[in-house]
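Going in written order, the chains are labelled A, B, C, D, E and F, and every chain counts its residues from 1.
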């Protein structure tokens, strides 16, 4: 990777609080940019929270995640991976949602990611609420169902809210399985906890073969063992990773709409992301960061670190291909 | 008014921070309550912000406004009106919106207010975003167009957002005029300011005869003179009042989604509400209070004081009838 | 449990941010309500902090805990207990304290709980500061001393503050033992830590046979083992549980008046509450939540989850009786 | 004033954020200090809020006011008075209240100010809630009733709260008049507004001859005219000044327990304080600053500026004597 | 202005919370951009606060101002000026300061503005602390002294801090006059208030002929009259405008390092900016916005509105040339 | 220790929120105080952040740490050490930095500590940013290199920032090793994590023999084992301890300029400090507490607890000598 165009600005040259904030200080390469075709990993914002049933705010996530991301440096201190040396990365900008029209927003997101896929770019998305993942999967899994690893305190496998609402941030993976976007036998959900409306979601998981690892099991077995199982479930096929920030305990990530207490620490949160190493990840996202509920900014800062960990795994895979 | 059922709990008996918080510590009388028919003024929450095009949060408004409202006492210090002695007031609870379905939410709100109207109750609503006012008007103006006094830093007279969105918090009064719910010749908008997308809204107002009093005119002429004109415009017919908290300067009301600087003080905000005295108000609302952006709680506190001022005007009218 | 009167409102029907907030969306059943006699578990607010020697605020605890509690759903995700199916639960409202008279407040709280006991209801209280527990114990332990399990970073076993003050939130259990309300041989205190004024409290515990498990021991032995010992100490007799939110590390629960660093995580906080299972709990409380010091609302959210865990234990016991 | 002992530390020597924070960076001269007898104006903290009936917090006022006060410089920019050149000023430290005993706290405060009076020092107090003013008046008005100028959004002339509470922050001046500490004919209250429990306080004022200037009158007539009247009422005799920060609109001073909207701006707040010039002020206070409700610190900063304005008036009087 | 390259993104197309945030959603045109020569007005960030003697933070100003600026729309609601139709505007990015080297930072800023001047661009700068204005003036006034209109609560005309520090945010205009960058006879400072270290700065102003209008005079005479005088002082020659956000009262702009109470409202703040109309402004800045002290974001929002007002004046001048 | 002069004020006498806040309520003994020579441990504030390359604020650290420190009591609850009975401790006040001159500030700090060393006092410093440690070491290690134990998420072993800046908070220990102040063979750094600019710092450590224990190793081995190794490295010679609060995870300590996620809990943070027991500590510091980024005050509260733990180790050493 010697093309300086794709090198992020260094904090030793321009202080990290300075400059127009793109993701990780990468070049801003919109979909109509002449160098789009060179991009291998595209960081994208999906500033939309139309699926939120409780506290809103993730529409502001990409803005705050970009802001926090300018504190990211070039090298992963834990794994010593230098992702920007391994793959050409760029900030592709934000999808334009339609805050006044849910179905149109889903269509807009899908169309955006169709172009990303067409350009051969692996997307790393900053949400947005968890419903954003559904249209992304529609674009990425058009050809065949994919494996899924989901870090989440909720299953997001519910069916209908408020009598009529089939598309909310509590239903995306129910829809995705129904639409054949995910292979449930290659789907592993980690971190479930909190109170439940009932057991409809667990029944659906049991019936379709989705593996759910509740947080008690994660606390008991540890990140390494759990991720070994998750990797085995996902296998060698194309796999999508979706990381809901509410996977982490709200002491570490208060800025989210539906926090659940009793979650893992930030260290475990990093460990599970590092545990993705080796998978054939075709795309990933970090969702549900809600800046209005994040007084110290800790949530966004943890969020971009998790994005960076996933970026490192993506970049290593690309470099090793 | 000697029925203790409708008397609010006094802060000299139960401290104001105690108790389950209903609006102004009034009895909670849901629509299926046996004493509903006795209610003259109904305080209602419309916890919905599905029309918000910018920063969300007004869905949390009714909760915070109820909380702040327990600091309201029995007597208006400025006018010495004691509204709870003049009219039977109650908290009718919240409309149940559908956060995942905009059109269904509009229908639900309208249906709720149909029942309120049928019960002969004048509604005083705590929003929610400004789109909530549209279905309320659909219920209240079913029989004939009404006059409208709007306190607002924006016109909310736009046509379409994001290409397709005809129902947002920037369009309710355009729709209401188009639907014949408002008589534009009896419509006065006070407080317009801030930057504008263009002049489409002003053109529409000019074409239909809506009177707009920009904030510079309010600053120059003062609340008394401006309200005299507004009363003359609304006349003696049935009139609805809609109070967007962003009418007030953000120093006094930061907790709103689209604040505009250069607005009036809280004193002027109270003065214009008191200037409604004498009108035949058939309903009123206070909208766009967004708790996630209100660090000190000042916005909700000002909001409930404005609701109390409008309540006093409503109660006086009822008592004088 | 098929009586819909006692069923909480579901978040799938009415969004969780909507509605007048009672505890866990249960019916509001004041002491003069016709259905009081049916209630088995009563959720009560004790909005009083007259015993606070340092930072005040717990008087606002019940309000904020009710607000947060509307995010609680029907089923315990960890134990799969559905408490509202096992016992008739209701929000009994708040005790009316006298913020200007400490001794009168103690008398008012005791009188309120006398009526709760007389109605055969097991109280689950949201404080208020820790002095609130003393008058509750006076009502619940009138007949005989009870066992006590206390989660707390402080012993609250001191004698006198400021020369004359025998009733503060640092002295309730000293008084309770002196008054014969607690059997010290069935009293186990878990989580002690932080700096100390001296050793007077430890001496009193040693002299009377109170078992104190400091936080270092909890960190070393784990929740399961410590709770096994605690259950053995409390035995099969009637036992009260008092949970001071400052038991938890301030990263998880900053909103309290006297935080102490080095505490357990939220996961351990939940685990010790689940470890109460099987005890004959006659009442429980969650105290010292101080909203003014809780910028993200995490403390109240953790607090109501802990209340829910204790509610599940209470409901299971009632159902199994 | 050439004694460097009494000169505040300059921000040009030691940055204003540095150093142990005494009031206005003056020397700390406790009551047992050898140079106490030289002090002419004593700045004192009364960290007590035992009289608070609503939101607590003023016990933290002196700490935050001291912190903010290190930003005060040597010269009044508006009047060009340099108070520290005109009078020997010192920080006398804090009264030690008894948070667990209201009556003992009143006695402790009175005893402290007895010593201040005995030393010939004019006290300038930072509260604490408004009940603190009662024991101060007991010490200062032992010999004869004094005049009173009160800046306040509330009358604080109520009789009893919660059935039994005669000493709260809503009753101090009722008590003070009853005890003969204040000459009601020399008592002027400015700024009354907000909702009222009833009219008991106004009746008392009318019956005893207290002059109340409601905020509407202040808005209409302006600070200069109102203060001319206030000075005429207080006359040439010894006069105490009590400044409740809730006099000011909550946009300027959110950090207080019972804010009332529609108040004056900070400019008017300064103007009325400057309007005290010429009176024989024997003591003054600034009360009800509540740091937990002051997210930006604006309230304390305004508060110390108001203390400085009163200090300038006191110093000029001393210098001219 | 028909070149779409220089048109800001509309909030009706892309929601205002979306997208990589450049100033007012203008194109990002760094100094090495091929279209630099077309730019007429350059919006620039100066993220540096090395001159701050009290509370730091303005280094984060440009980031937060850009964020807030995406809420600005196309047309000035008060004057109906559409600046982006009148002049080609762009975001030139941030100067790279050296946080570890004050003198090097001054040199870097000057060098950056030398290039801006060379490109014939009028700069509109977002600070940064007030010391940033000195190197900007060094670049803009190289050829001849310029007129200066300064909105500020402080004079910033001091000489030396802490014994040796000649370059702080309290000294820039002393240095600028000494260096011959400003013509003191064309220099008008508006808004002075607060406590003062002494009278050295006033003496310097008097000796050199600088006109200072203290805030009391502004309150008394009003914005229109004061600005008429200011325009007369600046005359028809090239004039620089420097706007310190602490000119405004801290209720409206808390997010600044050295707030002074008693300042003008946001309405007056806008009025004085509009009063610049007609002057030959060669550059302008808005400084001292400090995000860490701005809990509601009001300060940045007011700040970008003031930048927009100045931009309108600049654009009108360019269009009329 | 029977001299009451050196006894801190007890919270049982004066409530902990009261009084002029010195460190841990100890006597304020400036360097010119007559009893300076008796002091054995001096608590000192270094309110300076001129070396900060990212978010500023530690200049406000000493003020907030003093404020929080008044909640510290007399006895260490974990070790039962009562430090104020073992050694004469005092608050020596703050060093006066020069915010406008980095090199002068370094000189001022060194000169201050020269006097502390000359008086035979062991300093316990509250920073300030990490660059403050360099001039402290220059004073303490004048005679010979010392051992160093550093708790930190960063190495602070970088060479140059922004092209020219050799003195920043990222370079102090590079400079200290180069200047011969530290014996690298007795230097152990614990807690390294986060992203890295490159590997220059690790290369320097490897070349000079500095032992770095990354956070993954700390998580895996535990505090006890790691501290045993650290003690072995430091050996029996004079050792300095520098504790950067960013060692702790930002959930526990958000108030710092460059937080790094994945850090240890507060319990581990305390454990490593207790693990210093037995070393010959000649001085210690707690740096990088940044109040503007600490909404709940947790960081300062944890910080003073860590200072107290280090104070206990210092006092035990003195008492055992």
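Criterion: a contact is a pair of C-beta atoms (placed from the backbone, for glycine too) under 8 Å apart; a residue touches a chain by one contact, two chains touch by 3 or more.
Just so it is clear, the model here is predicted, and its values are computed rather than measured.
Student: Where the contacts of chain C and chain F overlap, which chains show up?
Tutor: Looking at chain F and chain C together, the chains touching each of them are A, D.
Student: Give the pair among B-E, C-F or D-F whose set of contact pairs overlaps with that of A-E by over half, matching residues by number.
Tutor: Matching pair: D-F.
Student: D-E or C-D: which has the larger count of contacting C-beta pairs?
Tutor: Spelling it out, more C-beta pairs touch across D-E than across the other pair.
Student: At what distance in angstrom does the C-alpha mean of chain F lie from that of chain B?
Tutor: 55
Student: Chain A to chain B: how many Å between their CA centres?
Tutor: Each chain reduced to its C-alpha mean, chain A and chain B end up 40 Å apart.
Student: Name the residues of chain E that each touch 2 or more other chains.
Tutor: Only 13, 15, 17, 53, 55, 59-60, 96, 99, 161-163, 249, 251, 265, 293, 295-296 qualify.
Student: Chain contact topology under the given definition, line, ring, star, complete or other?
Tutor: other
Student: Mind pulling up the chain F residues that touch chain C in the complex?
Tutor: Where chain F meets chain C, its residues are 10-13, 15-17, 71-78, 80, 249, 251-252, 265-267, 269-270, 295-298, 301-302, 305, 308.
Student: Which of the residues in chain E end up touching chain F in this complex?
Tutor: Residues of chain E touching chain F: 49-53, 55-57, 59-60, 96, 98-102, 104, 161-168, 292-293.
Student: Which bits of chain B are touching chain C when the two form their complex?
Tutor: Touch residues, chain B against chain C: 13-15, 17-22, 28, 45, 47, 59-60, 62-63, 66-67, 91, 93-97, 99.
Student: With touch defined as at the start, can you tell me which chain C residues reach chain F in the complex?
Tutor: 53-55, 161-163, 192-199, 214-216, 219, 249-251, 254-255, 258-259, 261-263, 265, 293-296
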